[in-house]
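Some notes on the structure that comes next.
First chain written, first letter: the chains are A, B, C and D, and each begins at residue 1.
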Amino acid sequence: MTVSLSGKEVASKIEEKFSGSVVESSAENLVIKSDRVLDVARFLKETDGLDFDYLNFVTAVDRYDHFEVVYLLSSLEHNHSLMIKARCYDRENPALPSVVDVWQGADFQEREIYDLFGIKFEGHPNMKRIFLWDGFDGHPLRKDYI
Amino acid sequence: MKLERYGIGIAKGLTVTIKHLLRHPTVSQYPEQRLNISRRFRGNELIWNQEKCTGCGTCAKTCPQGAIEIVTSTDAAENKYVVEKYEADTGYCIQCGLCVESCPYQALYFSHNFECAKYRRSELVQGKEKMLDTPERKVSGYFYPDKAEKLPKQTLLIEKITEKR
Amino acid sequence: MAVRTEPFVLNMGPVHPSTHGVFRMRATLDGEVVVDIEPVFGYLHRGIEKLTEQRTYNGIVPLTDRLDYISSMSNNLAYCLAVEKLAGIKVPERAEYIRVIIAELQRIAALLIAVGAFLNDCGAYFTPFLYMFREREKIVDLFEMVSGQRLTYNYMRVGGVSQDLPEEFMPALRKFMDKMPHYMDEYDQLLMQNEILIARAKGVGILSGEQAINCSASGPVLRASGVNWDIRKADPYSIYDRFDFDIPTQTTGDCYDRYRQRVDEMRQSLRIIQQAMEQLPPGPVRAEVPHLVRPPVGEAYARLEAPKGELGFYLVSDNSIAPDRCHIRPPSLINLTALRDMVRGWKVADLIIIFGSIDITVGEIDR
Amino acid sequence: MATFDFNIYNLVNSQAVPPDWPGGFWWHWLFFTVVIIGFVLTLVMGVIYIERRGMGRMQSRLGPNRTGPFGLLQPVADAVKVLLKENIVPTAADKLVHWLAPVIAFAPALMLFAVIPFENGALLADLNIGILYVVAISSVSTVGIFMAGWGSSNKYSLLGAMRNVAAIVSYEIPMVLAIAGVVLIAGSLSLNQIVMAQNVPFVLLQPLGFLLFFAAGCAEINRSPFDLMEADSEIVAGFHTEYSGMKFAMFYLVEYAEAVAISAIIATLFLGGWKGPILPPWLWFIIKIILVFFAMVWTRTTLPRIRIDQLMAFAWKFLFPMSLLNLFITALQVLAGWPTELAWVMVIVNIAVMVVMVFIWSKFFFRLGGGRLEA
């Protein structure tokens, strides 16, 4: 069975490595400060106790007052998984560090989030729309998109 | 000593194709030979039972495409809704069957024929009278097992022996 | 005097005989050798994730049919698993067994198309494709008997299955089950040891294990690179832990191994269906669920081993009759991230085979 | 008779048998032009029908059966449809080259039949260098195909045309060497003499030569495993992507006319042209053509396609050395002067030689594929 690690115990490990990067951690969700996502990601991948080498998916949810980007990571040998989140509050040009150099699988999914939500990912090889044509204005999956 | 490098694989593949030359083809000639479709087939048009229908509009609400339009007026005498206008736009309908499934009074069925192409987009909209249950329109057994018994059994490709001629 | 050559951009455009649908690759070629390719998506983007926000939970099931339209039953099942996990619904025994039989039949049907299309790209002029379509017709006949439609089944509901199996389903399935192995051996004999296919496909477009994991590939593409990861075994959903079947893996992860991997997986699915048929219990097929399901506030992610890979639904609900957010993990789109590295340096003919061996459906990529 | 008679297999003096067809009168060439054009076009129609129907039945489907009884008029229906289609010429195309390409591609396909004997002595021109003429003419159609590829200024057709030129150049040599083997035994270049000398069909005396010629022939007219020139899955339709209407009909005809031509040459060179027990000789000839063509249809239905660089490597590293070896061994046998009544022992020896050579060559020297790009 895939054990989904609870946010608390992983949060403690992250805290001692990057103090102040965990915004909130409860039993099933673990929120990371938005600008520390890349370091936490690299940490989660390299430490041998966790070594989350497989990124299941990256997606974003529009929680009306802020965007929430959700990463589901899992490790194939230990067969455990973890869901971490990052929030960005400003709606004009939300930005997050891209995790493409840690997991190459995030390439198209981050472009899709940019295309449908407008969240820019710095450090992404070619950050442009994936489904809609470049002239399209607005980001459809936002709640305030008519 | 595996001989699979020197044309044996190609030869085996060739024997398979030549064997198919002697087998009965699996295709059937549509307009002349008609296969029986499934008894639960979700045909394109709806069949509406006016007596059972109470005008509750559940079908219009559950239709994901919003293809069903129902207008009712109240009839104080028998305190019952009278259905003024009942239209199903088969152009929008994706034949998902949620309306037939959700009708609490079993007043809506699927028709069992699939050859209902039209020339005009306006003809696609099925009015109230076209939906009535007339004898020659076969009712599909989708969600109604008793109606399924009356329909012919589905012809399956498995039963049609494709080995011998 | 060296001949001055410059690479030219060739548009393997949305309309191309072997891009499996409206998929476009802008390939820069130097003569026949592929220098770089840039996939272009969005020709079949219908905004399904936006549509799900205005539909009731049961109204979304017809939408999931249109994601990976070659294996709609698996999409239905994945979505229903997610909603049941979110709302905490217990599915009756008979429905679980029916779901396993139908999902494994759908896997065989989808893998048949994948293998047929791959062989067709290699040049075997439609013969394997038509043989495998004949088997797929038999499976689609069974699905038509059960659900009423031949492609967009809309058969599974939250809490179970929409209707019970008709009584003539079991004899037809039994007849299919004892004829299928004979046809499977015939496909192997047709092209498996074919020298030309081995010359064309072995060692072409190699995807190593680490690269596959790093590109979060899943399904036959991942297992063909030697990674033993199958969700039916690693994280068994519904009742997959009751059946014994094994997970075939290959070694080098080239096009030939992906083709062989899919053929082996079809045989495993036959084993599962055989066991599920024997243990099929009587009983209700659908839990007591209101037609307009209203799950509590929260989120849930459920996934299953679809024929293309790990298909998952991430649902966020705010206690209303429509989900607040429904994200679909598209195995076809994510498997394509590795395409660019696999294809560089090979010829145009190999680009077509490597792309064919990844086996994508555009409905799932563009959503 | 040749002054220096090396022709040991000449079991019966070929001149003794009077030719069935009393040639030599003036309207001979007029009659034969009409026969060739009529024969080729009807046979091409028949061959298209056989291919579509045969492939259909091999793929467990029916094949055309709606137009005329058993779908026999399907090729006619195709021709009429294609002729009525609008003739689109791309604007960026080189108009003259685009228009001229089908003509140049089609002419050689018909000219090949001038030297092919339908009956003993019944051929348009009984050239004593028949085979040399065939080899020369068959490479002219490449010019037409390359003009088509270049003329339609479309990247896909350019790719197809380049592939075609590369393939035909490298498959010309194994084809010619395989023919040289046959000519060595028959002792004469004229096709009529070759058929006369075939009391034992040369396919038994020259099995390796037959295989080489069949493979090289299929590559010349891009059919079965070597159909890269219009590989549908890769470069859409190769050199005739931009052709429609009448010009496309010409290319469609060229493809099948050349297939009939190659199977006719194989029938005359290896299967003993018109020789056969009871049936009239010209009927035997047609049966053999259809048999060889059916083998092409059979391989086309089953075999996948070879990649372009493997195609080249296969020609230069496998067919070319094998044809040299085959020529060398045949020359040894002719020089050794094998006694004529032991002809049947020759057959077994040659087949054994073929199996051994193919086995050794593909085990040690050349292995196709293996994931590497042939240099």
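Throughout what follows, a residue touches a chain if its C-beta (ideal position, glycine included) is under 8 Å from a C-beta of that chain, and two chains touch if they have at least 3 such contacts.
Computed from a predicted model, the values in this text were never measured in an experiment.
Shared contact partners of subunit A and subunit B, listed by label, are C. Chains that touch both subunit B and subunit C are the following: D. Of the two chain pairs shown, C-D and A-C, the one joined by more C-beta contacts is C-D. With centres defined by CA atoms alone, the chain at the far end from subunit B is D. Mean C-alpha positions place subunit A and subunit D at a centre distance of 63 Å.
If each chain is reduced to the centroid of its CA atoms, subunit C and subunit D end up 44 Å from each other.
As a whole-number value, the distance joining the C-alpha centres of subunit A and subunit C reads 26 Å. With centres taken as mean Cα positions, subunit D sits 52 Å from subunit B.
Each of residues 127, 131, 134, 190-191, 194-198 in subunit C touches at least two other chains. Multi-chain contact residues of subunit D, defined as those touching 2 or more other chains: 58-61, 301-303. Contact between chains, per the stated criterion, is found for A-C, B-C, B-D, C-D. Residues of subunit B touching subunit D in their complex: 5-7, 10, 13-14, 16-18, 20-21, 23, 25-27, 29, 162.
If you check the complex, the residues on subunit D that touch subunit B are 54, 56-62, 298-299, 301-303, 358-359, 362-363, 367. Only residues 8, 10, 16-18, 32, 119-127, 130-131, 134, 190-191, 194-200, 202-204, 206, 254, 345-350, 352 of subunit C touch subunit D when the two sit together in their complex.
Put simply, subunit A touches subunit C in their complex at residues 1-2, 53-57, 59, 61-62, 70, 72, 76, 79, 83, 103-109, 112, 116, 129-133, 140-141. Subunit B makes touch with subunit C in their complex at residues 4-10, 12-13, 15-17, 20, 26, 37-42, 62, 64, 94-98, 101-102, 110, 140, 142-143, 148, 153-154, 156-159, 162.
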